[in-house]
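Below are two complexes that have chain A in common, paired first with chain B and then with chain C.
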Partner chain A sequence: MKVLSLNFLTCAVKACKSSSSSYPLHPRDAELVQDEIEVNPDMLVNVLPRLDWAALRTTSSELGFPPLPEQPPTQEELRADDKLVRDLHHLLLETQISEGKLVCANCGHEYAVKEGIANFLLPSHLV
Partner chain B sequence: MSRPEDSLAADVHYDDTEARKYTTSSRIQNIQASMTRRALELLDLKSPSLILDVGCGSGLSGEILSAVDPSDGGPHTWIGMDVSPSMLDIALQRDVEGDLLLADIGQGVPFRAGTFDAAISISAIQWLCSAESSETSPTGRLNRFFNGLYASLRRGGRAVCQFYPKNDTQRNMITQAAVKAGFGAGILEDDPGTKNVKLYLVLTVGNNGGEGGNTDITGVVDGMDNVDVLDARKRLKANNAQLKKGSKAWIVKKKEQMERKGKIVKATSKYTGRKRRVQF
Partner chain C sequence: MLPTPDTSHVPYERVYEPAEDSFLLLDTLSSPSETQFLHETFSPTSSSSSSPSKAGIPFVVEVGTGSGVVLAFITAHAKAIFGTNQVLTAGVDMNAFACRATVTTVAKAQADALAEAAGTNSGNSSHDGNQVPHGMYLGSVMGDLTAPLKPNSVDVLVFNPPYVPTSEMPNRPESFKEDFPFSSSSSSNKTSFDDDSYLLALSYAGGADGMETTNRLIAGLHEILSPRGCAYVLLCAQNKPELVKERIRGMEGGVWRAETVGSSGKTAGWEKLQIVRIWRGSA
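Up next is the complex of A and B:
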């Protein structure tokens, strides 16, 4: 489970759809692995406006990364700054949660992550 | 042709042996690859994008998404959803590049609004038409899926879903659910009338980059070779043109209606619907 995907995932429980605290999901007991992936600056620039920067800051501090700047860079800044691209790429794509749990702050539902795959199957009464 | 959809649920059918058979069959690999390439052509992505792969299975389609050449706007980053753990296990062994998620698309799409540039689905959504327990209905599952998909795509995004409907009822059920969710929907049929017919449900969200004119499938296939557009909506509009009340055409139409009902109607002549001469 990449940090990029985590930034887009919300709690799947129906009752949580209307609550703002159901996003972002909080990683718990997370084991991280680092993967070597080729840098794709165009993709990052494309995705940047869609990232929820506040949520990304929360996630990265919860995973024990150095704090991110308070304001997201603009697309032009990102395009110009090679180091920033590499840092973001490292955090969003190369860092993966291999084992652990994702917890919804609203309903407390725990989504297990095993071998990097999060289990979002719900029992039918929560759908 | 056998249809596993009829007998079992997707996660039960694709167990370890079935998933391995599916992934190692070179015939299936070829068909999947060509369908994925066709879907990519329909998506028409210009720059590296974030794509949702619905029913990614062992990542056969995802591999092609990651391998798109930079000159064609690739490589794309994708996130795959599938309901079968065995399929995802094989995807792990094959070391695919995308992120994987074990989730049932009939329960919705758990991403926040406007996440993806595009979505792709190869041979998956017909599984939604069979409900495995009495608590869920195919319509409910289809609605949850398309509503979730609609929300998770950004405005101007596209989704291409290749699927194998069992019959026309299923085909209509799927398209109607997509239209109900708010998509501009249309079906592209490859090799129609043959055994190898392939259906692509092309879904569009909002305005497509302001090209003007058609934002739905007719705009998507515009400029493609060998595509005939059959638009059922235009014919409907022409028929709906209102006849002026009291005009000759209107009277004749009414007389025909009455005749069909079995009423006695005077014969239509050159005097029908004509005004009387003013007497003074």
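Up next is the complex of A and C:
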């Protein structure tokens, strides 16, 4: 699963949906693999409006990547910033989580990631 | 005709094999009327403000991917379907084998789309990143419908549900006894026959009217779809599709629209299967 997917995933427990601490999920013991994908600056510029930047900064630092700017760039700024385009491309699209856990900070539930697939099925007492 | 993704690697004893319903989804999503709708809604060049797209790249999710044939088709042919290769896709399925199969199905279809594109403009070796014809697949997760997804994030939701009326529903899987079915994979890579038929039952058993799972998905649409979002849901005749559409049109004071946009298997005037597009009508 690509790191970008963490920006779209949240705790599956219904009671957590209303809590801001259930998003983003926090990777733990994550093993990362890198793909090599051609950079597409246009695509990243169009991904930008979809990003929750604060959540992405959290994910990025928890995975040990260099810090991202505190404020998101505008689409125009990103287009002009070759290095940021490359960094985001590498983090969001080339990096995959292959093993580990995703943890909800609200309820503490741990979702296992195996062979690149996270398991969001819940035990019945949490549904 | 856009090529159908290769699913020859999928273990059909545990994962639903592509069938008439899957192919109806492929035909409908690539039909002139739906590609026009999707182009107008999501293609960055269609908005008046040209590029870049202020609303951002669409996020397309298939729930219940099974083999992944539909999600791979959407991802590989994003350019034809959406008018842009700038589409993010992801899959959800309860069945770990289906998730793993989908990863491979999408990868194969992306490679095929690239090879075909390279073939059509041979001689032009300079490879512009914008010319990659396929969308960006983020991955597949195991989950119950849209439960793992961030609210209001999905732009296009595709669902080929378990729609066969059955007297009872299979229990929803819990955490599959800790890490089933991964735990056995290293040694023997087999599950018992009961486990296999259970996994297949999940893919078709729909309970009362075949609608128990579909009703849960429909009830959550307002929370999961983005403001511009739409859903494509397959229904069979026993699901009482006219009543289902009426009910959707009555949700939330009538902001929702539901129209049949594809059908197959007409017998005596009844469509056996149909695809309903569900979206918020603009006033």
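Quick note on the criterion: the second predicted complex is superposed on the first by the 125 of 127 C-alpha atoms of A that agree within 3 Å, B and C clash if a C-alpha of one lies under 4 Å from a C-alpha of the other, contacts with A are read in each partner's own complex, and residues count from 1 in each chain.
Just so we're on the same page, a contact is a pair of C-beta atoms (placed from the backbone, for glycine too) under 8 Å apart; a residue touches a chain by one contact, two chains touch by 3 or more.
Every value quoted in this text rests on a predicted model; they were computed, and no experiment measured them.
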Report task. Evaluate whether chain B and chain C can sit on chain A together after superposition, giving fit or clash. Result -> clash
Query raised in the report: Touch check for A:Ala30: first (chain B), second (chain C), both, or neither?
Result: neither
Report task. On the superposed three-chain arrangement, identify whether chain B or chain C touches more chain A residues. Result -> C
Query raised in the report: Regarding the shared-chain residue A:Leu88, is it in contact with chain B (first), chain C (second), both, or neither?
Result: neither
Query raised in the report: Is A:Leu4 contacted by the first partner chain B, the second partner chain C, both or neither?
Result: both
Report task. For A:Gln75, select first, second, both or neither according to whether it touches chain B, chain C, the two together, or no partner. Result -> second
Query raised in the report: So, does A:Leu56 touch the first partner chain B, the second partner chain C, both, or neither?
Result: neither
Query raised in the report: Of all the chain A residues, which ones make contact with chain B and with chain C?
Result: 1-2, 4-5, 8-10, 12, 14, 23, 40, 42-43, 46-47, 50, 93, 115-122, 124, 127
**Report entry** Residues on chain B engaged by chain A in the complex (per definition of touch)
**Finding:** 47-50, 75-77, 79, 81, 83, 88, 92, 97, 99-104, 107-108, 110-112, 114-115, 117, 133, 135-136, 144, 154
Query raised in the report: So in the complex, which bits of chain A are touching chain B?
Result: 1-2, 4-5, 8-12, 14, 23, 37, 40, 42-43, 46-47, 50, 52, 93, 115-122, 124, 127
Query raised in the report: Residues of chain A touching chain C in their complex?
Result: 1-2, 4-5, 7-10, 12, 14, 17, 23, 38-43, 45-50, 75, 79, 93, 96, 111-112, 114-124, 127
Report summary line: Residue set of chain C touching chain A in the complex reads 44, 51-57, 59, 85-86, 88, 90, 92, 94, 96, 99-100, 103, 127, 129-130, 132, 136, 138-144, 147-151, 153, 172-176, 179, 182
